[in-house]
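Two complexes are shown next, each including chain A; its partner changes from chain B in the first to chain C in the second.
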Partner chain A sequence: MQQHPLVAILTRLGTFVLVMIALSVMIFVLARVVPGDPARMALGPAATQEQVDALRLQMGLDQPLAVQYLDYVGKALHGDLGMSLVSQRPVTADLKQTAPATVELVLVSVIFMFLVAIPVGVITAHYRDRALDHIGRILSLTGVTIPSFLFAITLQLLAARGLPGWPIIGRIDHSLGWPGGPTGFLILDGLLAGRFDVALNALQHLALPAFALSMAGIGQITRITRSSMIENQRKDHVLTLQSFGVPERVIIFRYLLKLSSIAPLTIMGLEFASLIGNAFVIEMVFAWGGFASYGLQAILQKDLNAVTAVVLVAGLFFIVANLIVDVLISIIDPRLRRKEAR
Partner chain B sequence: MADMKMLDSSDRGLSTGYMMWYRFSRNPAAVAGSLILLSVVILAVFAPWLTPYPKHVGAVVDFRARHLPPDLAHWFGTDKAGRDIFSRTIFGLRVSLLLVIGVLGISVPVGTVLGLIAGYFGGWVERIVSGLTNVMLAMPPLVMALAVSNLLEPTLMNAMIAITLLWWTWHARLIYSVSKSIASEDYIEAARLAGAGPLHILFREILPNCVSVISVKTTLDAAFVILFGATLSFLGFGVKPPTPDLGSMVADGRQFMPDFWWEVLCPGAAVLYVTLGFNLLGDGLRDMFDVES
Partner chain C sequence: MAEPLLRVENLNVTFTAYGRTRQVLRDVSFTVAAGERVALIGETGSGKSVTAKAIIGTLPKNGRITSGSIAIGGRDVLTMARGEREALKGTAFSLIMQDPLSSFNPVFKIGTHLDDVMRFADRRDGKVSSKADRNARIAAVLRRVQLADTERVMNAYPSELSGGMRQRVLIGLALLHQPRLLIADEPGTALDVTTQDEILNLINHLVAEEDMALLMITHNLGVVRKVADRVVVMHHGDIVETGPCTDILHRPSEEYTRSLLDAVPPLYGPRVTDLPQSGEPPIVRIERLNKIYGRRNGYHAVRDVTLALKAGEIFGLAGESGSGKTSVARMIMGLSRPTSGKLAIDAPDPGRGKRLTQIVYQNPGTSLNPKRTVKQTLTLPLKSIGMDAARRDARMRELLELVRLPQSYLAKYPHELSGGQKQRVAIARALAAEPKILILDEPTAALDVSVQKTVIELLMQLREELGLTYLMISHDLSLMRNFCSRIAIMLRGEIVEEGPTPEVFAGPRHPYTRALIAAIPVVTDEEERLKPTVTDEERMRFLVKTTD
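Entry: the complex of A and B
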């Protein structure tokens, strides 16, 4: 059963490639077989039949589906995802412009999620069935049950009432006159250029949406961390440490926490799916203008190339996140390294 | 792995039903959750008789009563067309519950049967089911549901189909892992040696051991489906107006946000109330059956 971690990761990588292929076939077929002519939709009802036919030919819609798919994949591998019918620009250009905003939002949410959820999980496990545990339980239950749109809107409302002047929509104040930086991540660009006012302003804008986006994950991860800590407390090696008189604090932070962070990390990987989904809602509420907003527009306007690209990129994002999680777990979990050590 | 034993040996002598009821009644989360859900079902089923303004679910316009704050006549206030938000919220619960019944009514049986078969027989069924679930797991469900429902037509029915298409895989995966671990148990081998057919083994030997897992998963999933449906309709993929639907009511109210807050918070709180009910019940059931998540 035990594999070299590199082999394990390569196997996972292979599975992920298969998953991407299956996903692309699925969304591609779905986007082509649905009723409605994409060419007609792109040109609108005013266009003549000749114009529509010409565009059909140009888009390759007269070819068999398999040919269209292979053509699409071939181009996609060279970074050409077709033209967006709505923005009239290459989809890749649109993605490059919108993706950093979402990645920045999601990354900060994930960091925030761990900063809150892991300590709360550890504390509630330590004070099991006491007041702090019940408070933590209510917190995690709230995170899991509250609709993200309701939480986001409520945060906005509270900020508007309680923190006058705190930005509640957008990514940055346009009055700062920031032209945009090389990475597209506003905080990072601001820091790199030494414009700390820009970085601070972007961080202020980011705070509410990131908090709103992380709420569901905080609920899940707190729960998992708590139950994982409690489960591992009963393990023999922990009992051994306790009977050797190792201080409780050392046991918790040096041994238990490391062991108990495997389950939350795994859940985190799976949580990325709902994180990306919720980004659609959060970006809409906070007028964030990222990848998810772009996706929502594309879907609403039946912009086929853009929809296909958005679904594929969302899938890719999920896969990369899970790959990183796998690597992290194999670093943390010595049981996965056994072969290497021998 | 989950402990499949539902009763301790010390429980013998008392009827199973009584023991279940005893454990259930001693679990505050489960009781609170079921009370919430009971109230939701009663409100939804008898909405026409329980709401003060049942006519307001239609295209009623009363401009003198626009944007009234909550008071005794309108508990949740009124919306931009002067309609009673409380009445519309109660009717909106119907849509949410319908969504749960529609999605889980199809995806749970399908997922369970496929999971059982894949876990017990293995082979090509196992490969297909685990392959499909791997693909589905890589897909943010909301993105997929948005894409599918809009490529067809942005209606609740299509959203429901899209959600169902994804949801069965989660059940199949769970039941698959349980079924696979049970398939190697001695009593399954014994049943096979005694001449039991595959149908008997699948549905009379393995399935009863999955009941606790299925009920916990289904209850927690019901909360997810409701959140999901509300989110979809919030984003504009809901039922056609004027039919009330909690997510689209929140989206409508958002235009009037800081001033007429009740138009957002009241229907939103209704979603929270239902999902809380399902989550409490699910957590309670999990404690009762001693099933790990």
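Entry: the complex of A and C
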């Protein structure tokens, strides 16, 4: 029985909405039950109790939780995520400014992961149990076990010593006088505006943090790719192609690689969660100014609207990334497109 | 005498694993003349598949040809340059693989496989071909294996075709470049018997029409009779006997060949065993049982099945894959709930934790946990009925005695046991908590015929000793003919025929039963004559189409 692709996509979107609702309820309640009065924290110790009470009333904190939640959702659907108590600006404005930096960092890390992990996985599988495979194994384990902030600091030190002039903090040289572009992704905006110096400079800034962020994922995905390749190498269909004289390189790079990319892709989707988590640390080390740093500030100062918004955006990013992974996998594997009749 | 097409001479092959070298072929010599059909037969580990791999050049990395020669058309392939040998693939000889599903990469279309094989073979010949030209040639080959809608087949993914169609495509793949020798490794073994029959007919037809030679590798002696002129019998890496097909099957000169033939359950004739009918009251009663999988537009797996299993009998439930026989068994086991209908087991409650029914699965290689010793495997069911350690040990000794295994086997892991021994452990596990009814799900399908014979004998003795009732599920009708007292044939979820086994085989009433019996490959001409006949019209009505 063939499932209509539209039905499949609608089902996915349905779950997507459910997950977002569950996530928003959870973060909304959690942010409000942890100790500390947000109004008091926003106004500081010098404010009088009357001022604090007035702010609480203004924020609607005297209402029951359910009412507060519905009120929040109603506004959120109109694009209003409330005011940030700390920056005294709408949260959406803060996000617009900070989110692209983080998304750019994470996406470039993902590209790094694929560029490094898939070839290394294929090579180590091919030279199984030989020297190259052992080296690959040691490197993967190193990547997985060493925390990303340690990588970050080490990379910074190495660059500062070995590559004088290589940027080790921030997103771009302010001397370039870049006013900002439509997407907020510096590399993309630079290319769109024809300012290749901006794109190149942004890429140089990105290289170290993105590399530090992707190390753990590279280690994992290399291993998954390797074991998936090895498992599929033993299958009969490889023998069939061999016995009809199809060259080894075609069997590996065409037939095996496509079949063996399903497992690493699945892991990739899950990897987004740790990428976003690790971004909080990496952004601090590299003074990145993304929404992870923003979220960290918000949590420390109990900026309710900002915390909720950051978590929701991170969740949205994770879900969308996994949605894309699901679609990619179902493009690769025809068996997933068919709903089993049993 | 002219030089034969294939000459294998004094071939010796060794395998090295974990630092130990084992000789798997010893001085194997045989020939295949142009246009001749030769069968290479033997049981697991006889070296028949290794011989084929050595000829094709796909021995695993730890396998090595230590001496001997393989000549095709008078030229030794072992001394050839690598490129020259590659060029022989598909043109001098072609391979038809055993399992049509796993022989295709599931994420590529059928057409992609065919096109790549043809493209690289063309390139080796120094030809450059266009996609359209290759497509036309592929379509022509697919029509030769009786696949008419070539467009659909080529655009389909492997999982979208039936097993029979995939096997046809595999044969087509082998034919792409007019090979002179076709090597077939157990073709159709993974398919239903009626489909297998069609595939063998197709191979015979093609070999005759294209004047190819055939080297058929099989363990099934019935298949041998159908497709071979000459037979080579292998055992433990040696060639035991070689001769014309009729001589080997009717007048074997070697003891080993005779024992192999004796182990094949006969379908008709004097060697057939008739089991007595049970006069006991029914122990399992099923009335109008239905099973539908899935909620909306569900799959109707079992339709209005009504059955009664008499105490002490061996009831056979026969049918091809997807006929619903396993669904019925699972419901009797209580592993799945019927959608509608009545199911009653007429026996006193056996008490805490014990079950009235137990099951022995098809493949003991996968039904036993490889990380647990025999003792650990047997402990679980005994613990679940609340036995203490001392009584468990006593019971385990008893169980091993029942299945005729030495006590020392308690400490062994499954990989240290042979297939037959593993199945004995599985039987011991099923018997551990003293069930009344044993469900046998193709209990010998994964075993060699000689091992099958001993396991069947054991099951017969156990039934006698312990007063068990068996429900056997199988598609192997020749085995069921000799092992079951009553039999029911299932087709698409329904029982189409039921009765005492001798009666069903003597006069099958339903055309599907006749088609099923007629498709079984048998060993002697006499059995072939006694098979029921089916008209083409009946065949069309009841068999799954493997063409399109």
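List of remarks:
Quick note on the criterion: the second predicted complex is superposed on the first by the 328 of 342 C-alpha atoms of A that agree within 3 Å, B and C clash if a C-alpha of one lies under 4 Å from a C-alpha of the other, contacts with A are read in each partner's own complex, and residues count from 1 in each chain.
One rule holds for everything that comes next: a contact is a pair of C-beta atoms (placed from the backbone, for glycine too) under 8 Å apart; a residue touches a chain by one contact, two chains touch by 3 or more.
Quick caveat: nothing in here was measured; it's all calculated off a predicted structure.
In the superposed three-chain model, the partner touching more residues of chain A is B, compared with the other of chain B and chain C. Contacts of A:Val106 after superposition: neither chain B nor chain C is touched. Residue contacts after overlaying the shared chain place A:Pro147 against chain B, while chain C stays out of touching range.
When the two structures are aligned on the shared chain, A:Val311 is found in touch with chain B, with no touch to chain C. In the superposition on chain A, A:Ile332 makes contact with chain C only, not with chain B.
By the touch criterion defined above, A:Val281 reaches chain B but does not reach chain C. Those residues of chain B whose C-beta lies close enough to touch chain A in the complex are 131, 134-135, 137-144, 146-148, 150-152, 154, 223, 227, 230-231, 234-236, 247, 250-251, 254, 257-258, 261, 264-265, 268-269, 271-272, 275-276, 279-280, 283, 292-293. For chain A in complex with chain B, the residues that touch the partner chain are 15-16, 18-20, 22-23, 26-27, 30-31, 34-35, 141, 144-150, 153-154, 156-157, 160-161, 223-224, 227, 270, 272-278, 280-281, 284-285, 295-296, 299-300, 302, 307, 310-311, 314-315, 318-319.
Against chain A, in their complex, chain C makes its touches with residues 56-58, 86-87, 89-90, 94-95, 97-99, 102-108, 113, 116-117, 120-121, 124, 157, 159-160, 170, 173, 176, 293-294, 297, 299.
On chain A, the positions that touch chain C within their shared complex are 1, 235-237, 239-247, 250, 254-255, 258-259, 262, 332-335, 338, 341-342.
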